[in-house]
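Both complexes shown next keep subunit A, but they swap its partner, so subunit B is in the first and subunit C is in the second.
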Partner chain A sequence: MDNFFIEGSKQTPEISFNAELGELEIKGRSIPENTFDFFNPVLLWLEEYAKSPAKKTIVKVNLEYFNTSSSKYILEILKRVKNVMNDGHDVLVEWYYEEDDEEMMETGEDYEDVSGLPFSLISVEED
Partner chain B sequence: MAKQSIYQREVDFLQNAKDFMAKGEYSQEELQLEAKNLIENYEELVSQVKIITKISDRLQKKLNKTNDKLELTNNQLNETNIKLNETIDALTEAKIGRKAGTIVMIVAIGLFILSEAWIEPIIDNHFPNSEYPFVGLALKLVVAILIKPGEDLTNRYMLRKARKQQIEEARLQRNNKK
Partner chain C sequence: MNVYAKFRTMMDNHIILSFKGEITSEIITMVLQIMETRLEAEEAKSSVKKKVFNILVECMQNLYHHSEPEKLGELKTRKAMLEMYISDGYYNIITGNYIKNKEVEKLQTRLDKVNSLSKDELRQFYREILDNNQISSKGGANLGMIDMARKSGEKLDYHFTKIDDNISFFDFRVKILSKKKVAEKSA
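Up next, the complex of A and B:
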């Protein structure tokens, strides 16, 4: 399966999915003008990945800020990752947040609660 | 092609339920199944809306905090800018003051030399018997008295010129940025 990569911009996050390693990384800022156009290919790739996932899937989320519609798509991504877990594969979500970013940490906790996925909340130093 | 929505899945479920009801004919079992699907999807939707609203509000709070920080930094930057401009003005004034003082002093020295070398002999020729012994002295006194106002005038003129130049430079910088 081909890997998936979208370069980040001021409005969109960098998305880097490696099917072989089972590493899915989203980082940056997510405020795209058209969230459907941006995230739909991501969801389609994940649906394909879920058919034959790696032994262990690690989802790394390192977002500085995202808008409301992106929050819905993050939920959709996590739902697809949950399907991978439900099929008996190991899954871990690493949720990165800057050390003084209380809001992003709490958002990670909310996603952990609602998705039912194992989360690791990781504090990182500010740039 | 209809524009895809982020709630496309939910819209599709709703449309299916509407189509089912519009059929008019259905068994009790079909109705129960449809109601079950609808309830499940509605439950899922409510749960999503709750979490998305919560996250959205929280991120709005983060945005507000960032805006507050930005405003504070902007104000600090403006204050620093004002202080910097004041310092630049003071430095310019001091520099111009020194320059004006030097110019006036050179002119005054020139006038004294002129007075000694050229005007004094003329006065001596016209008034040989020293009828007016203080004429030469008075002339030098006038030059000495005029030093300070002369320096102030020169200073003001040079400052005006420097400010005009600063305004022109700022205007050119703004135009270049555009």
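Up next, the complex of A and C:
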């Protein structure tokens, strides 16, 4: 299946999904006013991916900012990945946050709790 | 008031940003760009900068999605206001917009609930709302007020002014402790 790539912008994250390697990365910021338009194609791709996923799927969430209307879609992404796990495949979410960004770390814990996926919270140094 | 007096007032009140008009997508982009540069220059602590920026995004998107026209059906009267200033070591963000009277109760209930919760309870409430699948027709996740309360760590201040049988004016204030105050406190 085709890989999926959207370049990042001031309002929207870079999305880089590699079906063969099972690497799904979201990075940058996600603060668009109209989140549905942005995220719907992402969710559709994931539904296809879930039909024949890689042996191991790693989701890398590396976001500096996201608005609350993006937060539901981030959970929707994770729910589709949860289906991959429920079908018996290996899945890991790597949640990145800048070392002094306590909120982003806590948000990672919130998503870990709500999604029921295995998480690894990774602190990175600021630029 | 002459221009100098007006200018002085703005200076003395440490007004960083003051806007009145229709909140469009272009305005949001522009204001965020300006404020990001500004915060970058003034606020050394990146965690404070992020909180302020995040809350500003939520406030502007609330205005974008939920402002009603002053006069029913007259979209060109869909005006709102946004102001940001520094006072007593806090960044203050205030917004004002018209809202339908029939929406007031729901919003007030949500604000009162958010204000009644402790830090841990807010977190639990956030998880609950995140997990229930609803996304409103306006794209809202119903998480905005909870998220702002969590990030600010302060109570959300609001007031409704009834204008007529259809419309009320909603004013909203949220504040974020800046690094300067933190430094004073620990000294």
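The rule we apply is simple: the second predicted complex is superposed on the first by the 127 of 127 C-alpha atoms of A that agree within 3 Å, B and C clash if a C-alpha of one lies under 4 Å from a C-alpha of the other, contacts with A are read in each partner's own complex, and residues count from 1 in each chain.
Here is the rule we use: a contact is a pair of C-beta atoms (placed from the backbone, for glycine too) under 8 Å apart; a residue touches a chain by one contact, two chains touch by 3 or more.
Since the structure is predicted, the reported quantities are computational estimates derived from the model, not experimental observations.
Three-chain overlay on subunit A, with subunit B and subunit C in a clash.
By the document's definition of touching, of the two partners only subunit C reaches A:E126; subunit B does not. Contact with subunit B, but none with subunit C, is seen for A:N40 once the two complexes are overlaid on the shared chain. When both complexes are overlaid on chain A, the residue A:K10 reaches subunit C alone and has no touch with subunit B. In the superposition on chain A, A:D110 makes contact with both subunit B and subunit C.
Taking subunit B and subunit C in turn and counting the residues of subunit A each one touches, the greater count comes from C. When the two structures are aligned on the shared chain, A:D100 is found in touch with subunit C, with no touch to subunit B. Applying the stated contact rule after C-alpha superposition, one finds that A:S71 touches each of subunit B and subunit C. Only one segment of subunit C in 4-12, 40-48 or 166-174 runs into subunit B in the superposed model, and that segment is 40-48.
Touched by subunit B in one complex and by subunit C in the other are residues 35-36, 65, 67-69, 71-72, 75, 101, 103, 106, 110, 114 of subunit A. Those residues of subunit B whose C-beta lies close enough to touch subunit A in the complex are 4-8, 47-48, 51-52, 54-56, 58-59, 61-63, 65. Interface of subunit C with subunit A (complex): residues 25, 28-29, 32-33, 45-47, 50-51, 53-54, 57-58, 61, 64-65, 123, 126-127, 130-131, 135, 139-141, 143-144, 147, 150-151.
Taken in their complex, subunit A has these residues touching subunit C: 10-11, 31, 33-36, 64-65, 67-69, 71-72, 75, 98, 100-103, 106, 110, 113-114, 126.
Across the complex, subunit B is touched by residues 35-36, 40, 65-69, 71-73, 75, 101, 103-104, 106-107, 110-111, 114 of subunit A.
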